[in-house]
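You will see chain A twice below: alongside chain B first, and alongside chain C after that.
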Partner chain A sequence: MLALLPQLVVSGTSTGMLYALIALSMTVVYRATTVVNFGHGDMVAAGAYAVFVFGLGFGLPFLVAMALAIALLFAAGFAAQRMLLQPIVAGPHLSLAMMALAIGYTLRGALRLQWGNETINPSRPYPQDVYLFGNVVVTTDDAVICGSVLLLLAALFLLLQVTPLGKVIQATFQSQRGAALVGINVPLFHALMWGGGAALGALGGVMLSLITPLTPDLGQWTLVQGFAAMTLGGFGSLGGAVAGGILLGITEKLLGFYVNTVFIEITGYLVPILVLMLRPQGLFGRRAVVRV
Partner chain B sequence: MRIGHAIIASIAMALAIPASADSTQGITDATIVIGNLGPFSGPSSVFTPLNYGPEAYLRYINEQGGVNGRKFTTVFADDSCNEAKGIAAAKKLIYEDKVFMIMSNPCSGVAMAIKPMLVQDGVPWIGASANPKISRPVSPSIFHTTYTGIESGRAMASFAMGKPGTTKIALAMHSDDWAHGYCDNATDYVKSHNGEIVATTALEHGATDGTAQALQIKASGAQAVMACLYQPELIVLLRELQKFQINVIVLGALGADFDQVVQAFPNHDYLNQRFFQPYQFKAKIGSGPLKKFHDIFVKYLTKDELPKVGEPTNFYYFGVPLAIVTVEAFRRAGPNPTRESWEKAVESLKDFDTGVLADTETFGPDKHVGVEKMYAVGLNAQGQETVYRSWGDALADSE
Partner chain C sequence: MAEICALIGPNGAGKTTLFNAVSGNVVADGGSIRFRGEEIAGLTPHEISARGARRTFQNGGLFPELTALENVLVGLHAQVGSGFFGLLFGRRSAAAEASATMRARELLSTMGLAHIAEQKAGALSGGQQRMVEIVRALATNPPLLLLDEPAVGLAPAARQQLTSVIRNLARTRNIGILLIEHAIELVMSVADRVIVLNDGRKVADAPPEQVRADRAVLEAYLGHA
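Take a look at the complex of A and B:
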């Protein structure tokens, strides 16, 4: 049985990369606005459907359809923040979380209205090949997902660490009051981060559509995994979200194979319980300190 | 004592009067009101073709003039496949809309939840939900005109074990009543035919990956997999089995549409002579005797009721026998049907050919599931969709 360990780790890493992407997109919104977007899973699903519509519906090449889907979700996220969240931003935190949840359910309802009575099987834009490394099987899907997420991470790293825009983002992440004092338009920043989070989520949806049939409830599962990865990595930590996602993907494969397959579904629920009890700040988060 | 008896008799009469009056509820001189209950919203709305198939047939019958001068009027109600919503929707159909009977109802959980109400009020039910406990033991007003989990589970296992030397079976299933309805009966069949369940794996709704399940199946040495899964998860499992080139045959349950599953594999060589499903119909979808029903769906259903892409799928056809039996029972019940006479009419059906299903319908006072025999559908060595009576025994296209 141990002979299958490398395979489980490789497959878990591929799945975990997807979780990482979703966790990362949730973290971007959380870091910028301190709101956990409970509607994020449905944005992921909307991204998956959007690429399907642009691709199959309008006959556009996959990369164009993907770019349009990401742009559409960016616009949707931006508009949702400006029109629905900004007006209540001074209200209780719970109202913001409920609004995010409501946005997600509305998106899901719209998807069900159009595609509720069918399962969509999007076709891949590339042939699915299988590569053998010893006993370990790697598919084109694995390579595309891992490669895309790694590229994105590299681009994000460069954006945040090297460019002036990245420094603005980091500064605003650290102190919104300070950012406002130096002239940064914080409400616009929030809207841009909501757009960015939704766009990253859409990319997650695009990746997901390569490996799984589309149903309007696709987002439910991804929200739980994204939230668990965020918790494991540490709330608000971009690197933690990535590490958390990959660890979660590997953990569920190992528990599922070596203990029982029922653990695959509940790993996403068990992880937050254990992390919040044993290390509330997660693996890479900072312990919250309140100055009194 | 006499006073006591008189009081009891009065109460009994008072209770009896509405009951007898109710037996013609939903029947007027010109119409028969049918309640069509199903998951028109929510995650299970993929099953609504089971509601639309019979509705198309009723519209077709209406255009022929109806039955004994009456036309069918359908009241749709949404249960979202949720028990609480289903009870509320059924109450509305029975007590507000005053339907004669409830039809379709693809969701087993809802069907089980509303069954006590139906039995108590004597409301006829003909549904497509798979849970065998709905119609077993027999309740006077409850009928299955389609296959339950017992018939389907047995068909899955018997087809797989019909392949010479196949005795080691793995299960891949959801952890819900629906999946147990298939896999438990398949398991019973396997064990009673000297087979062995070598692995039981869970793959839950919404899963996007089945690596651990596929590797467990591989490690178990299984020769066949009973996949009691809905369509998205069945596709996920098949992709993983293909990825690891695991040499097993896979029998899917009726929660998935065969054609749509195959469509998910642009290069479906791996599925050839490997993926099968119990098959309910007497011919290929949309061809031979089923062509008539294809034309009925296309003509009588609206754009919103038909698939957004492609032809009417398996579930549309699977729902039709509900309406065919319902209509035939009204014909037999004569010009003044009551619930009792309609139920007797259903029970009078013997070897009744719906023109759709692989088996004929036979009911009786002690038998409220009309069909038993099923075929299997799969791809032959050349990748052509083929209907099999049993392993290796293909039905000719002309049959």
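Take a look at the complex of A and C:
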């Protein structure tokens, strides 16, 4: 039994990287606006469908389709913040969360209208292969997902830590009042972060479509996994989102194999419950209480 | 030489509300707010800040996880005109970057804050935080600085220093100062003009020595201080 442990960790890490990307994209929006985007899962799903439409529908090369899908979701996120959230930004926090939820359901409804009874299996843009390291199998999917997410994380880390723009973003995350004081356009910042979060989510959707069939309800599951990863890592922490995602991926594989396969489905629901009861601030979070 | 104008009055007189209106943190119900000949009532805080009217808060205006130096640098980076896209796509030479850092260090050390430049703002004392916030606000050479009770919680020595800093800004750097302050000796020693508010209305607008002599003012405000 234990001989399979390395394999489970490797496969779990691959799925976990995907969760990490989704949790990270949710965290960006949360940190920028202090609103949990309950519609985020559906934006991820919309990104996955957009690639499918641009690629198979319009016959565009995969990378072009992916770039278009990411750009489209950036625009959608930006526009949603500007037109739907900004007008009520001074209102109660709950209204903003409800609006985000409504945006998600609207997207899901649109996907259902078109693909309500279908399950789509997008084809990979590369041949699936397996590589053996000792007795651990690494698929091309694993390599592509891990490689892409690691590259993205490195780029984001450099952006945030090294560039002046990164300092301005960090600063605005920390104090919106302070940001406005020094002349930063905070409403524009919110819109850009909604766009950025949706674009990152779309990339997550693209990766997701490599390993799972597309249904209009994909966003539901995606939101739960992203939320679980955020809670586990520490709500609002960028590094925590990444660590939480990877840990969640590994945990569900281990529980699924050693305990019962049903855990692969329900770990994402169990983790927030356990974390909130035992360690509400998560593994890397500091603030115990957050507004949702 | 710019003017130092102090705004005094009992609690609830409307001093902070006036500040909030000028800095765009609340929208005035009526009337007009003119800054350098331009109507600014209804503009957002960042738009007003970008026009050169910079305010400080009593607390909570700094970026707690950034160092004092980084706080000042962000103030410089977010300067007029650059915007997010400017920061993302604009080319900044290493030399410009280095000179911004040098300038920020220099400003911190003229305020006696060189030793805390590398400390996280959130870990500094209240008085130090307020000084860093002032440095950040004036790093861009704004024509107007609005200071909200800068002396609260400062030790006497730090108050002395603050007094000379404020005087210096107006005298040598030509930065106009609008000041809310309860520390009356500070007000009397730095202000060119004192405006007394009571119950939302202006009850006096005169040089400090005249205000000090005004019985009505004394009764309205100083008597209760």
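Quick note on the criterion: the second predicted complex is superposed on the first by the 287 of 292 C-alpha atoms of A that agree within 3 Å, B and C clash if a C-alpha of one lies under 4 Å from a C-alpha of the other, contacts with A are read in each partner's own complex, and residues count from 1 in each chain.
Throughout what follows, contacts are C-beta pairs under 8 Å (C-beta built on N, C-alpha and C of every residue); 3 or more make two chains touch, one makes a residue touch a chain.
In this text, all values refer to a predicted model and were calculated from it rather than measured experimentally.
Of the two partner chains placed around the shared chain by superposition, neither chain B nor chain C is touched by A:H93. Of the two partner chains, chain B is the only one that A:L218 touches; chain C does not reach it. Of the two partner chains, chain B is the only one touched by A:T15; chain C is not.
Contact with chain C, but none with chain B, is seen for A:P187 once the two complexes are overlaid on the shared chain.
Put chain B and chain C next to each other and count what each touches on chain A; the higher total goes to B. Of the two partner chains placed by the overlay, only chain B lies in contact with A:G256; chain C stays clear of it.
Overlap of the chain B and chain C interfaces on chain A: none, as no residue is touched by both.
Within the complex formed with chain B, the residues of chain A that make contact are 1, 4, 7-8, 11-12, 15, 18, 109, 112, 114-119, 121, 123-124, 127-128, 130, 137, 139, 208, 211-213, 215-218, 220-222, 252-253, 256-257, 260-262, 264-265. Looking at the complex, you find that chain B touches chain A at residues 41-43, 45-49, 175, 201-204, 206-209, 211-213, 215-216, 219, 231-232, 235-236, 239, 243-245, 257, 260, 263-264, 266-267, 307-309. Every residue of chain C that touches chain A in the complex is listed here, in rising order: 44-47, 49-50, 54-57, 60-66, 70-71, 73-75, 77-80, 83-84, 87-88, 92, 97, 136-137, 140.
By the touch criterion stated above, chain A contacts chain C in their complex at residues 163-165, 167-168, 170-171, 174-175, 177-189, 192.
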